[in-house]
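Accompanying notes for the structure given below.
Chains here go by letter, A, B, C, D, E, F, G and H, matching the order in which they are written, and residues are numbered from 1 within each.
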């Protein structure tokens, strides 16, 4: 199997940690994986994105022009990376910041996740990224949801381990949204 | 999962260094390699080592020269502009035969340039950007695991040849994360009988690069030259997809990594393309390429610059009826596997399918 | 009679104007601008004395003052 | 109603890239105000350094030259010697000026170059992600002093204004802060005197600004701004350290 | 005798610079080129120019960067270790496209080495010892007269291409005295519309090397690359004794000067030996050598190092059935014409008389 | 009869290459005497700089490392950190330490490195043939100030001991001369205190020696030696500028 | 009773010993040593007090003193 | 015509100025000339030597392994450069510092000049170098004595022009010594 994706958004939306968790989940499943972050120059603000490649064979390029999947957390990221997704690929959109009408790409599967609403349901709007990640994994099947949740332990700094439960709930909620459509 | 960690390239270098017994780090911050000093500042004290954030790159290389002269394993790291500033010091270390490891996680130049990956420092690293007729061994990793392994190796080579060793990575190799398998360092044997430790019970020792009596410096330079020749024993390279190849792509470091995908894609499309990756950039694997050139006619150098290593490829294979083509992406951006495939196709169609 | 005007899209919600106002009539609201920052606002324009402290302290030159 | 506070003309009307609450924005504005005040828009050549303020040229409506990291004072020397009737200033952070650029600033000062140096001391390397600067306070945690700066191994926070004042070649040396309106108003006046020093041909002027870097201090802008008065000023006292009225040279 | 003076090589450089309108000199003393700053300190004030003895080589190159940005003709000079320290600044000047002239009267390395002539800095000069993918024009005089003439030319080229130009001499060319005929400098026309002078009545100008928006730096590097390609127009070389030559010796600078005698001696002995002397080391006269290689089979590079320019000779002629031999004297001493004759004989006997 | 003055053991018995009347020879001997006195022959690592004193290693019977021009303080930092129980000193001229090496000495001092710096101020670059140094006196003619040093263009003679004393990290800072037996005896005592500072683990010690360079001053040795008292001492006052008895760090 | 001894071949004739001698009994002679320098000498050894000033001041460690 | 020579001695004996004067004399005679000094490291003392090449064609190497002529002002210089002189060449020796018995080179013309004595005759022992130079030129004929004397003007710093007369006399004395053998 081979899967690659770009995860993109504002600095501060937690896109880097999403990429990390996905990568750790893949490692748990004994897959090969590379993770490549790209930062803007500014310390705060600006855009941030990362690329995760998962495969069961040795991985060549850690950077990808045309990914199988893109997870976009805001409008500029959609505009930049949406058109790059491969035909038949998956585009996961943070519907809380991207108006529905902007998402018009032919030949892609699209998944709009109302992340903020779902995160608030779980208890904290800052969990939006985990909701989206849960949804993306559920939809793409790149790793098991179970592995994704377990990956929180190695991926998060020990300081944040007390919040792992909440994060798991948020992932579940995202996955559930894919399953049930709401 | 115990032994496999998911690690940033820069950190892998720092981990490799500490594992190989590096106990002194001197550096000055510069993007994109700050994870190295940051890791060192946190972890060297745990093993009784010393981390100094120097006032500049020049001070760093000279602190390393000082520590290296006492036999300590020492390292400095920086990125392109900072490495330029270290050139005088590197020349002195070569002249005085003091070992040390220099990491260049290079970025885009010239000048302040930008922080994207680049291979614009190939000449500087392989031909000695400083003055004089010296050389340093140059190792070019292309994965997080190699960052770790080759850094460890760099310390052994530096001691073995009493010469600085450069590890030439770039922003891509520093920033990417991959699983890393750490392994125990096996210490090479051998006493250092030239180090400065105070002349207790022996006559004084001296480490210097100044030779003024008639003929002395020429002799010294011949000695160094013979040493550089001996370094050829350390030549390393990797090949892939060579079976029946009609076109061999030659590339190192990050772009070789990207090309791994490209060449696989080309093979999928039925193109007989192989990949030759020098791991030691100095000494360069001339002989291996030369040998290959008896079987393969067409070579293509690919670099993240407008043409540097290609000269070495030409020097290796250009004397026969071989073709050496070149694709270069100047510093400032990185080509994707697909873009590179297009470039390879052009050459393949011209040379092989003609 | 004084007035302060905020160029909201430039505000980064740092709150230095709030700290500076001797009358305590500024606050960082929960409104978010296009760059994703919460923006500062005046709560009680009547009380503004036009001291310009907020404008002077604003690192992003968001505020202009009229008197 | 009259507009009693407006954006200085010399400050190009674009948003700053600085982090929320970063004092660089304030200091940029003060420099621009001086350029306006002394009508220097057409005669200024600014020298940008490498640090968070590297984009100086995007903000100042004057000719700008980018110097290599730490070398702004040497670059400005070249500029001013070639164009003695232009107004020449450098804008440098504490990594730039007090670490890698130590030799250049000391000797430009000692030569009494007719330039104005705006020195921003925020006790860290901002642009590169918060490493220790020569000005980092004792005990301060940075990304390269994870256990706090310990003078025994990392040295002491360096007091550049005091060192500058010690050099015979300097004419005007001061330290200011912009952490509250009072200090800010004083900083304005001091900066004007620094500008006047050069305009009147009196020699080398140097103003150290204590500045907040909320991002790398890992503090809210408000907390960071308060830190200046609470921690920095006691160690880095404000004031004019030297003001030589003799005609520079 | 009025116009012919007997002048030291270093002084000829300083004279040429002042004649060409150089009004700003920034430097830091180092043997064997101190006559240059010393001359400048005495004579620049006479023409209203400015001499600054900087606190270091790094400060010097950056002062030159500052003065050059205002359109002034400026120069700095040093010798090998000092030139190493200027590499970062040179890279910035290339990136920001600021002209300036850099004199390297090189000495022997590596490190402190010695003060004898050497050509150990060929790679550093021609391949950019600093970081990034930049180039500087490199001029290699071989007489006092050429020191003067080529320094004047260096200023024109620097302005024409908005790029630093390196004059690469060595201790021999700096210390020797020869008659010099000074000639008036004819100013090239052309306004500098990019210089910083204060934005009076125009929009502000900016000189920088930092390019961060996507694709911008790559584009900038392409622009620079095209400029370096255009520099090929400036290629200069000199040939002697080519008629019927069976072996062409390729050499530059001081060793070429010594070889002038050697080759004459060889001709006297009936050996068909010619001399090819690159005057621009970058851009290197590849095409001219290539052309020559259709007529001549055997080449021999001779250098005061263990092998640098020989790579360029191989790149120029190595793709045919040509032989490229090499004799190198490492830094530290200079060979006499007789010694070189022996070396040439060896090659001649092997290749031509075989 | 007893021998009451003899060559120190740590001073190798070979002739110096210095010019007649050069004070480097005296200063070398004083350093060697201290090495003998404190029995440091087996534990000293000397760092030689580039200048007339580059051949330090030919004269001192201890391990020596050659530093690039100006970088001795950084090199010594590396040595001392790696070998904290060795005695480490640098021997540097004023071109080396106060021009190209400014940043390195300032920061080694500021870090309070446990090293001893022997600084020889002879107001010129000796080895390279008598060019201006940062310490060259006003009006002094050198090969690069043919009309005399003019502060307006060349800057002022820099007072390194004073600058060093200003830095928090230094423990012992002094200036001495060896131009007559009285000053020389005092210099001996001061140098001993500098050695003791390091031996007792108290931190960074710095001794500036005023020194004659008859060759480049174009004076007879006698005249040159007299110049020290007449011209140099009034500008570069002798004395101990700092002596911190707290246990360094 | 004191005595100074000169290691002549090391002397460079700089005269610093002459300057230092409080008794004024030293001088630089016109004798030339192998290195081509005129060498210092004592004129009146009787008057020597063994103060060691000459030896201390000699940059070339030419002089040893006995008492 | 082609002539090359090495002039060598202690620092301070004025060998550099000898080379310079010879070079200027050759220029006066419209010949090509190169002059190449070699210094030791020490500022004072040590050895110094220079090479002068005179020719009526363009000159190749300014440095010479086996010169036609050597002028040696002291013993170490004789030892170093004596053996290098070409067969049939000329060796000029400063007899005041070099004992006669040291001069035993086969196949060379040798000229021993008691420079100090002759210089004292002219009035100043510091003129020894001029005496030797006058003798060498007279013997070798590389330039006219007349040109050599005229060359003092451009070769000497204006400060020393008042001493030109004395220098000329010393050159004459050297030439005379060659002519008359005393």
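Miscellaneous remarks
Methods note: a contact is a pair of C-beta atoms (placed from the backbone, for glycine too) under 8 Å apart; a residue touches a chain by one contact, two chains touch by 3 or more.
Since this is a predicted model, take the numbers as computed values, not measurements.
The chain pair sharing the most C-beta contacts is B-E. Of all the chains, the one whose CA centre sits at the greatest distance from that of chain B is G.
Rounded to whole angstrom, the centroid-to-centroid distance between chain A and chain G, based on C-alpha atoms, equals 88 Å.
If you average the CA atoms of chain A and of chain B, the two centres end up 35 Å from each other.
A separation of 26 Å divides the Cα centre of chain F from that of chain G. In chain H, the residues that touch at least two other chains are 41, 45.
Chain contacts: chain E has residues 50, 52, 55-56, 58, 81, 88, 92, 96, 111-112, 115, 208-210, 212 touching two or more partner chains. Listed in rising order, the residues of chain A touching chain B in the complex are 20, 23-24, 27-28, 32-38, 41, 58-66, 154. Chain contact summary for the complex, chain C toward chain D: residues 1-3, 10, 12-16, 18-20, 37, 50-53, 55-61, 63-67. Here chain E touches chain D in the complex through residues 24, 26, 50, 52, 54-56, 58-60, 62-72, 74, 88-89, 92, 96, 196-201, 204-210, going by the rule given at the top. Those residues of chain F whose C-beta lies close enough to touch chain G in the complex are 1-7, 11, 15-16, 18-26, 29, 178, 180-181, 184-185, 214, 220-222, 225.
Taken in their complex, chain F has these residues touching chain B: 41-45, 47-48, 54, 57, 60-68, 71, 74-83, 86-87, 103-104, 106-107, 111.
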